[in-house]
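What follows are several structures.
What follows is a pair of complexes built around subunit A, which joins subunit B in one and subunit C in the other.
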Partner chain A sequence: MPIDSKSMGNTVGKLDFRTAPARYRHWSISIEGPVARLIMAVDAGSPFAEGYELKQNSYDIGVDIELYDAVQRLRFEHPEVRSVVMTSGIDSMFCAGANIRMLGSSSHAHKVNFCKFTNETRNSIEDASKHSGQIYLAAMNGTAAGGGYELALATEYLMLVDDGNAAVSLPEIPLLAVLPGTGGLTRLADKRKVRRDLADVFCTVEEGVKGQRAVDWRLIDEIVPRSKFDERVAEKALELAAESDRPEGRTGIQLARLERSESENEIRYPFVTVSLDREARSATLDIQGPVDAVPAGLDEVHNQGAGFWPLAVIRAMDDALLHLRFNEPTLGTLIIKTSGDGARIAAYDRLLEQNRSDWLVREILLYMQRTYKRLDLTSRTTFAFVEPGSCFVGILAELLFAVDRSYMLNGQLDALPAANIRLSEISFGALRMSNGLTRLESRFLGDSAGLEKAQTLIGQNLDALAALHAGLVTFAPDDIDWQEEIRLLLEERASFSPDALTGMEANLRFAGPETMETKIFGRLTAWQNWIFQRPNAAGESGALKLYGTGKRARYDRGRI
Partner chain B sequence: MPIDSKSMGNTVGKLDFRTAPARYRHWSISIEGPVARLIMAVDAGSPFAEGYELKQNSYDIGVDIELYDAVQRLRFEHPEVRSVVMTSGIDSMFCAGANIRMLGSSSHAHKVNFCKFTNETRNSIEDASKHSGQIYLAAMNGTAAGGGYELALATEYLMLVDDGNAAVSLPEIPLLAVLPGTGGLTRLADKRKVRRDLADVFCTVEEGVKGQRAVDWRLIDEIVPRSKFDERVAEKALELAAESDRPEGRTGIQLARLERSESENEIRYPFVTVSLDREARSATLDIQGPVDAVPAGLDEVHNQGAGFWPLAVIRAMDDALLHLRFNEPTLGTLIIKTSGDGARIAAYDRLLEQNRSDWLVREILLYMQRTYKRLDLTSRTTFAFVEPGSCFVGILAELLFAVDRSYMLNGQLDALPAANIRLSEISFGALRMSNGLTRLESRFLGDSAGLEKAQTLIGQNLDALAALHAGLVTFAPDDIDWQEEIRLLLEERASFSPDALTGMEANLRFAGPETMETKIFGRLTAWQNWIFQRPNAAGESGALKLYGTGKRARYDRGRI
Partner chain C sequence: MTDVDYTSLIPNNVDLASDERLRRALEAWYPKYIDWWKNMGPVGSQNHETYLRTAVGVDSEGWAKFGYVKMPEYRWGILLAPQEEGRTIAFGQHKGEPVWQDVPGEYRSMLRKLIVIQGDTEPASVEQQRFLGQTAPSLYDMRNLFQVNVEEGRHLWAMVYLLQKYFGRDGREEAEELLKRTSGDADKPRILGAFNEATPDWLSFFMFTTFTDRDGKMQLESLATSGFDPLARTTRFMLTEEGHHMFVGRTGVERVIQRVCEVMNEHGITDPADKHAVRKYGVIDLATIQKKINFHYSVTLDLFGAEISTNAANSFNAGLKGRFRELRIDDDHQLESDTYPVAQVVDGAVQIVDIPALNAINARLCDDYILDCEKVMMRWNRVLKTHNLDYSLSLPHRGFNRAVGEFSDVHVTTGGKIVSETEWNARRHEWLASETDLDYILALMQPEASPGKYASWIAAPRAGINGKAGDFEYVKLCA
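Now for the complex of A and B:
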């Protein structure tokens, strides 16, 4: 059965991102002292969908879900790990990249979503190396082709066995008529700073580059004879571990299986409820404030572990965003609401801010940052509605600046007192967008006085007019207009072309500086999405479709 | 007759970019003291192709070719002009943007090329304001919609008449299901720094925003009552003129009609010959060095005017690149060669470098910069072949760093002595890419020692091995391999998917920092090209196709 938008689409829970090492089919983790080894040995007979085999350590979304889980667990469950060796468990092949038959038979939507998720996972690997003190190293004990080399590019140090055969390559263009879609071109140009003419050559040579030339061209950092490979990798891993700032002698927390219950139009997690409105084509994420008072101190935070409210909220949000992305493609508008006690959140916020140097608090804030980035990058319209009873305070107030627009009710509703919002320090440093700025810096790019003003408002309860005046919400309709205005807003948004909205949002959300991440999700992804639609790649006679059939693709020769 | 790739395609010279004010149908220029007025009054009955009328100051490629010409002529022919008022000659409509029926009936290729050219022209308007001392002002005496507002966004100061009707708008998304394709989203976010939520609102409100709200939202700089409009515009134009660094009392040069002669497989300009190889799907630009010795001084440069060798070369290159882009879409590889006396070019180079503060020399270098950028942005593979008899020196050596790859023959050919290349100061500052870096800074992004080394080589003749060793050329095959290597190279390149190459080149050419220009051509253009292919816009039931028919577009609701 080919993977199409239907088979990837309408059944709630079809794609489940929850897994754990005991259930992995394709990866294993082994830890020795400060070094973890993340070993890829893809089970060819366990593809995520039917119709292809995962030969040669090629991957599909199922393989990548495990990788995502492994990276997360290393961070939270293993404070002792200071460097991570990514390597292969099969002979002479590090990783062959995304499975081509899977890509060839996938819908446009699945290809795009698959690439986005794999990109986010690779970015999370870089995030772990840079900010978590878990520094990744690629030990390529065999060839790394296409997405396999791109996976290695996401690590900080690339070692390749020098056996006359093992090569690194990006054969997508000559072989498949698509781009290396998981950041490869951007990381060549901007991370490894490979000279552009050499990068051009490299990307058109099907067999890739090996040996000393791969080092000379900056494609890898080191070649090592097979006889010394394991020893040298172990040595390098310890060297990287010595650079880590992870603390000694701490105990990790367990990421227990995320609770989730589903009905036709609702998904419930601890602290997050998602309501699906299929007629209006929207989903509402209601985020609930903490039930318990803030923990007395850091020890209690560690004891609570995955139950600690901020972490529980983020885990639920992360899963909900992934679920909606893959399993609910026609719900084009995501609505963020909150409910609960804002004062209680403020206390959690202070605890986080005061303990940013603790390894676990750092992990929680980094995970929050990654999840909020996933929201920034979602190809759905995002609105926030601030109503009486809500608690947009601190880490939840940040959501107001992540969405495309925010509406704050100026008045009462259902006898509840009028809503307030409240800023905390957290919005001025700890949570950054892909462009490297805080969301408030991005928001006030043309209005530095507005940014300074916002900082003076930290800790104050702001009603609708105060928030509007400070530029912190988009509109503040009064209670007479509220219902009607929201109804019209959602109807209008749902009437527009989904594609045009996706393109618009991708362009308006990232003002200011560009980083490798914004380049990957802006430039590279946009071109790849274009190519994924072109007959030269995806048509019946396109290269992606014909791969492996022995037939040659026939190209329209017009250059566009 | 709908505009398709054929009607826009195969006839040599079908699209001719050469024009002059006496031949304009849509624009007029009037000059009073230091202020020029560029007046758009589109002749609805003179569309470039059949099948649509250019009502309401809407434009097509024919209108934009005139604008491009006007901007160029103001710079070269009118040193006295210090500010330029862009305004409309028709009632209550500044400009309605790109003609929608034209877009709806155009091929994907024409839409993409049309947008790229209009983007380059708007960038050239900003270039004139920033670097030429001709500061543009938009005097919107009526509504500016879609591309009309984007045109205004390319100026430095936006004035809108406050008559209760005139508005600025970007109605593309609600009305046409495409993006504002001429930089609008990028200039909202990054030039005018419009707050993202307000930008989101603005881009979905069909009727746009007018009056004080347009000022408050940073969409325009000033509203002016109709009764005071002309007076206030004149005042502001003089104010901008006062900021200009154009010199007083100079005489312009005439941009006489560019000579061009064509045969089936060749186009000849002064100093540039383009040979077309349809079987190999390549075009070779042979750029010839100067025939005459360098002028004795600046006066002689001004006397020679458009005949001055560097300017003559650039005019020919510019026209050739546009011609190939629009009229020869299947020639996927552009080959740059040179022939002539390198020592003579070096003398021209010194003259340019020593007189960079002269207004005309400045214009020539800025035009060269724009044309080389057009080469950077071409959606064709670009190679340079350095052979005996060539003259890759100074401003022509720069071309080696603009192309995707360069090949330098290490040895003799046809009894000619082996080739040398030679760097000059010009490659280290005067000619910048869209990313703001020189091409050598981009090239050596990961190798600062390489960049420093290159600077020490200024003025030296470098043979093939020296150039290779310094990282200035990609490969240096010897004379035995040369013919075969080049043949295989061109065959191989021609065998790849044109789309995949376009995407790859767009990603590898612009490492390092991003600017508004690179964002426009990277992120925005890539998304627009994607949307231009999507059935929601371009399909038979898509919004772009159905516009004006009274039928409503039917959208696939899947979000991707």
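Now for the complex of A and C:
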């Protein structure tokens, strides 16, 4: 069921994540020298769905889609931007967080997907600060409540106007009986290292904390008098910009509107085709290798811009994953296939590897990393099928380690020669998971010899048995068994409870150490999604349902 | 309890003498308040001897005494209306339960916010009006201004008492903040927009006390039935004083109207739009008075907050803030399934839409306010009528010049027609005073300090304060 009248409680079309500044209703970007200002002035009258107004700079998925787009564009289109000031265009309110009425009227599935996407966007902001040399600063010219403060927490430096009124707060628990679900609790504890007892106080006072105490408690970095605010923000933004390693005097590339054609059972992008099998409840993502030979050098990469094959593939994958998450919730299995010339991909891989210090190549690899993480975090069973004619090489071979299981056909099919896979350096450092490890490190967590062995295989064509032997694929059925194996696999998988599968997959995918991101997507999200299901929040007399009516929630007082 | 202890530093009827912790807290706050008064209170007035009333009791009869006071020595006190035995909560989900004598934990934050916002407005108006003493049109008016000022100061005390007594450290901090924010300050302004606007002239002052203090009355009336008994008792007594403030405003404007009517009659001027004809006699023309009404009324409507409000719904349901004269309303006082008609802009036109009554609490309070204002207009129009002038003053449409609520996104004429931004801007001076108009009013603001004399633009009052004769020296000016 798509996000339609039933699941959001309102009349909504399919979600489209493609947008551009000229279409923004809620955000604007202004750039002056090395500093960009990302200004939130939510148009209350343009909610994504009906039935609520986006008052007080509150947001819904429509607002966050624009934010995601803006963050992406600043990275790719503006190499000159070295720091980003996130601020509000409305009076005395920085941002009030996710719109409560929207949450109250949304289906559980929408809430979960919405929170996941907003979390990913906030992580992408942190990623830009840390790895991309675009350092974010929150200029809170008014109160930042709930998700509004969490948005600020995703930046590296938090400034709050000191007018005796503006505060930062996480009022979810006293007001709504849910958690601050966009990383707020995690970032308080792990990023800002707020003392736990003070964090406990902070998370239970509806009105939050303001002024010097907010600084003392490490909730923010600086308070600034109103009359000095703009000046001080500008000064700090330049200071942060000076820390950036972005190059001087380069021109960005344009992220032209992503081409996409859709029919009932298929979505086509350049280099990616998604086929939907509604009966089997699966979607197949077929990624096509490059048509053109690898560009001769960096200049050509920059000239090709968004058309450069690796970037084109990642953009399409990103859009396809979001589309499937929000608009095709019942397609529970996601199959990944590839087709094309592996040797050509290897050449692209080398080009990327050799130019990792170039700002655009860096952006492309970071984007790839984020998109593969998005795949890791997608609550669908993921399988990769390696068949003759496929090209799981280098950056596409990485997908084999992102999926829950991989199947490689041992032998020929339809007269095509047997498939090979090939590892490249890319899989050994450039593309990390949320847990901070590469996918191969996670895969060989208890088998360091296996990891070392894999490294020796870089650049070699591996047939099915070699890949199986190296632990790089799950199974390698031969051509006689292949079709039946696959059929049984898909039918069996489709018969299990989607909830249980989601839980199992999420637990198995992220072995190894905890990071802030794994805590957000594991601990925080799991608790939140449980609370979202509980009557105390979502029941007819739960706080989330009753918010805004003036009626007080009635809680089941039992502790669980 | 009703006896007021005037022997201590802080007069009170709350037995401060036996509450050591609170007394110490308030005594620590006292010098800061006096500093604030001296720095931000009426300019150049600290040594004037002003004929002021001071509350000496809380009974409906004889609660005040009159006498000359230097304002910094005014006895600001803490006075609560008498406690009613067995009072129960009158509305919301706790209806019928005994009223709270202490802050219920679950409503601490909501209650504190209500008190802080109310408290913030009290000193704000004193700050806004601080220069007016220098241009008073008479000693009578100067005295009224100062009376209003000291009582707003006392209302601040009332709110500070609640914060200090019931909200622990947070309350003490908020009490300090009330003195740190300043009307119109670039760094720490007052919380509500209208309280950061300047009050540059006396017509503005009279309009402010007519319209904006009337909002204060509506808010106090809504709090007077609060389930938190100390708040209810405090606001009930504040209402006693607030009445005089609105009297000052209403009769002030009335006297300005009377004066222009007299001039028009005297000189045979009949066209109220011909401002030049009357201005040469040093009075304020009716069209400009209408424009000032339009401004102050519309800015004050914004103070009610959004017509449809979650906060208002919450505080009603919690039993903290009721409606205007809640006890006189004939319904179940819980409103769980009631609706209330609210004017909204739907598809570019004003329509009445039924909204869940809990969410429409502010809308209803606005409606009650508008009715109250209409009574004022009738009194003002009576003056025009007695002078046989074919003109009447009126309230603009509720959607006119709004920055908050249902009409904040559209431009509405005083007549209630929705127009484009371009048209509104082009025509704005048909409805709101222009710089020239305001400059004219400012130019009229020359002080008149002889007992019994009045500036050219305002008529003498019908009666003196506390029965005093026309030439009574209400303020003895001392440098």
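As a convention for this text, the second predicted complex is superposed on the first by the 547 of 560 C-alpha atoms of A that agree within 3 Å, B and C clash if a C-alpha of one lies under 4 Å from a C-alpha of the other, contacts with A are read in each partner's own complex, and residues count from 1 in each chain.
Quick note on the criterion: a residue touches a chain if its C-beta (ideal position, glycine included) is under 8 Å from a C-beta of that chain, and two chains touch if they have at least 3 such contacts.
Note that this is a predicted model, so its numbers are computed, not measured.
K.L.:
Would you sort A:Arg195 into first (subunit B), second (subunit C), both or neither based on which partner it touches?
P.N.:
First partner only.
K.L.:
Of the two partner chains, subunit B (first) and subunit C (second), which one does A:Ile223 touch, if any: first, second, both, or neither?
P.N.:
neither
K.L.:
So, A:Ala464: does it touch subunit B (first), subunit C (second), both, or neither?
P.N.:
neither
K.L.:
Subunit B or subunit C: which reaches more residues on subunit A?
P.N.:
Of the two chains, more subunit A residues are contacted by B.
K.L.:
After superposition on the shared chain, which partner residues are touched by A:Ala154: those of subunit B (first), subunit C (second), both, or neither?
P.N.:
Touch status of A:Ala154: no partner.
K.L.:
Mind working out whether A:Gly164 is in touch with subunit B, subunit C, both or neither, as first, second, both or neither?
P.N.:
second
K.L.:
Quick one: is A:Pro174 in contact with subunit B, with subunit C, with both, or with neither? Answer first, second, both or neither.
P.N.:
Both partners, subunit B and subunit C.
K.L.:
Is A:Arg281 touching the first partner subunit B, the second partner subunit C, both, or neither of them?
P.N.:
First partner only, subunit B.
K.L.:
So which bits of subunit A does subunit B touch that subunit C touches too?
P.N.:
After superposing on chain A, subunit A residues 174 contact both subunit B and subunit C.
K.L.:
Taking the touch rule as given, give the residues of subunit C at its contact with subunit A in the complex, in rising order.
P.N.:
Counting only subunit C, the residues touching subunit A are 93, 109-110, 112-113, 177, 180-181, 186-189, 191, 306, 310, 312-314, 316-318, 336, 356, 358-359, 361, 409.
K.L.:
Any idea which subunit A residues touch subunit C in the complex?
P.N.:
Interface residues on subunit A, with respect to subunit C: 44-45, 55, 162-165, 174, 205-207, 225-228, 547-552.
K.L.:
Flag every residue of subunit B that touches subunit A in the complex, lowest number first.
P.N.:
Where subunit B meets subunit A, its residues are 5, 9, 108-109, 112-113, 172-174, 176-179, 185-186, 188-190, 192-201, 203-204, 218, 281, 329-332, 379-380, 403-406, 442-447, 471, 474, 492-493, 495-514, 519, 522-524, 526-531, 533-534, 536-537, 543, 553, 555-560.
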